[in-house]
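I've put the structures underneath this note.
Below, chain A partners chain B and then partners chain C, in two separate complexes.
Moving on, here comes the complex of A and B:
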């Protein structure tokens, strides 16, 4: 396997291939800042929970670093997998949804919050955006385990279809604390 | 606040339309579909919750929403005629 590009984002910085991206905000506002500067053509971003915003921005910056044509000549590709791992699942969205059903006298379950109460929604969001029809996988671990991530990624390449993957750790326990360490990897 | 303006404000808040102001939403533009404001089926469910929470209107069949949520004008007429709070 070969790492083509690598991105690391936490609540105060974003670093692509070892180079820090200029940002003036922190936390979720930093993700919005990055969206406005580097993407700005996908309004659905604003509806996403923090885990999806983080994964979406990280994947966008990785794919922009790759520099390959997007949304044009290779639509509906099945050769790229998305393999994500974390510890807190979709806990921020779970708590936000729980807030909408906590009070029996003010019981209004929010459909738009509910749709994000699964961690693998972020893999779906990225697959939809990029027309990826390959393997998507979201695994919950007790703690970050880079060797385990490497093993699962290696296993994904044993099928006859997968030739590259966006893979790594993506953790967002709340709106103010998050980490993404994703790689674009080829077989 | 006029009902249409009030609906637009609640709509922006409920649907997290971060880049949108009430002035951007024409009273008569279709809210759903690619030719209109681009809302989706999850947004429709959120609008059903909005009507119940704020105006006491219960829509039991989501298909009814197709007619009610055609535009802010249509929505306002429906709310004015059916609100219980």
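Moving on, here comes the complex of A and C:
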């Protein structure tokens, strides 16, 4: 496996291939700032929960670094895999949904909140954005374990269709604390 | 040097239909279900139909079977009951550092958000903590993994385990699929208008949606050089629809691609006894699966689904349904599709109404879920 580009985002910084991207905000506001500057053509971003926003922005910056034509159905792109790992699953969305059902006399569960209580939704959001029909997978570990992530990613490349992947750690326990450490990897 | 093969050496299903694979198999063969209507359950405003353990039965089975020194949640008790039985049958040393636990669940201990369980630490809400509690019960110290790909988790977990064993790092994997029902999940699916007001009818003209269910299912997998006499996980693939986060692709793109992938090393599709579909009985899922089967050129192969027996058991479904299909084929039986009457999808798939007999020893398990995730697994007994 070969790492082509990598991105690291936390609640106050975004670093692509070791180079820091200028930002003035922090937390989820920083993700919105990055969206406005570097994306700005995908209003679905504003509907996403924090985990999806983080994964979306990280993948956008990673793919912009790749510099290849976007949104093509070329097989080497269309078969790209998305392999994510974290600790807290979709806890922020879980708490938000729980708030809508806690009081049975003020009961307002909404499908647009519930859907984000599944951690793998972020992999689907990125697949939809980029027309990726490859493998998507979400695995929960007790803590960030880069060796374990490498092993599972390497094992995913035994699928002969998979020749590249966006893979790594994506953790967002709440709107103010998050980490993404994603790599664009080829076989 | 032969390529290693991954085989299932033992299993268990723990569900409202029984506490062993055998009890479950006989029940499904007879067409049984524990689906029933609940009114005012958990003070939810709308009635719903689900397959739940009768109150207290899970807890009493657990207390009877296990002399536990630590408290466990209902979810963990169910998963442990299933794992204990499968591990005992396998004869493996589950505490070995060459054995890894891999859990498949969507919401695990989500009920802890609403109400704690005495003696259970709050952090067991985290899926990795509940997976650890389960692995530690058996004295296993290796870090477990949890596959959480919504409703597709139970097949994805088998694919992850298969590859991980192939890499040679572990000799055995204990794969546990489990989900308990709760106000959280029921109200979520209700908000999607996905729940059927009647017992679900997979692939039928009058299907009105899915029912939810709770269950745990465990497979003990082993890496071997010679698979003779065992069910082998021969090939698996996971593919995304790249279409919508909560509705399947009309062209069945992801499911078709997953099917196509598991057929690449299976030129003789006439060896397949059955396609065990997801068959949730929602309008869109069943239509999509029929389309995928047609696109893959598999219209001649019988199709069945077990949601009419169990409802949708979420993280358990893929594991449970794979085990049942294997058990059926062990005695040449293709199980019926409870709830199916008149075909209500646009492609002429051959859905089983009654038990069929076969001498074929191979099948494909299909599954799909939110997030656009689809998976296919081809299993063969040699």
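The definition used in the following text is that the second predicted complex is superposed on the first by the 181 of 187 C-alpha atoms of A that agree within 3 Å, B and C clash if a C-alpha of one lies under 4 Å from a C-alpha of the other, contacts with A are read in each partner's own complex, and residues count from 1 in each chain.
Operating definition for what follows: a residue touches a chain if its C-beta (ideal position, glycine included) is under 8 Å from a C-beta of that chain, and two chains touch if they have at least 3 such contacts.
The structure displayed is predicted, hence computed values, not measured ones.
Asker: Could you tell me whether chain B and chain C fit or clash when both sit on chain A in the superposition?
Answerer: After superposition on chain A, chain B vs chain C: fit, no clash.
Asker: Is A:89 in contact with chain B, with chain C, with both, or with neither (first, second, both, neither)?
Answerer: A:89: touches chain C, not chain B.
Asker: Have a look and say if chain B or chain C is in touch with more residues of chain A.
Answerer: C
Asker: Check the residue A:43 against both partner chains and state whether it touches chain B (first), chain C (second), both, or neither.
Answerer: first
Asker: In the overlaid three-chain picture, which partner chain does A:115 touch, first (chain B) or second (chain C), both, or neither?
Answerer: A:115 sits against chain B and chain C alike.
Asker: When the two structures are overlaid on chain A, which partner does A:138 contact: first (chain B), second (chain C), both, or neither?
Answerer: After superposition on chain A, A:138 lies in contact with chain C alone.
Asker: Pick one for A:186: touches chain B only (first), chain C only (second), both, or neither.
Answerer: neither
Asker: Just to be sure I read the superposition right, which of the two partners does A:12 touch: chain B = first, chain C = second, or both, or neither?
Answerer: In the superposition, A:12 contacts neither chain B nor chain C.
Asker: Using only CA atoms and the superposition described at the top, report the least gap between chain B and chain C in Å.
Answerer: The answer is 7 Å, the least C-alpha separation in the overlay.
Asker: Please write out, lowest number first, the residues of chain A touched by both chain B and chain C across the two complexes.
Answerer: 109-111, 115
Asker: Along chain A, where are the residues that touch chain C in the complex?
Answerer: 82, 87-89, 91, 94-95, 97-98, 101-102, 104, 107, 109-111, 114-115, 117-121, 123-125, 127-128, 130-143, 145, 148, 151-152, 154-156, 158-161
Asker: List the residues on chain C that touch chain A in their complex, please.
Answerer: Those residues of chain C that touch chain A are 43-45, 106-107, 110, 113-114, 125-129, 131-132, 143-150, 156, 160, 163-164, 166-167, 169, 183-184, 187-192, 237-246, 253-254, 257, 261, 264, 369-373.
Asker: Considering only the defined contacts, which chain A positions touch chain B in the complex?
Answerer: Where chain A meets chain B, its residues are 32, 43, 46-47, 108-112, 115.
Asker: Using the touch definition up top, name the residues of chain B that touch chain A in the complex.
Answerer: Contacts found on chain B: 14-19, 38, 42-43, 45-46, 49, 52-53.
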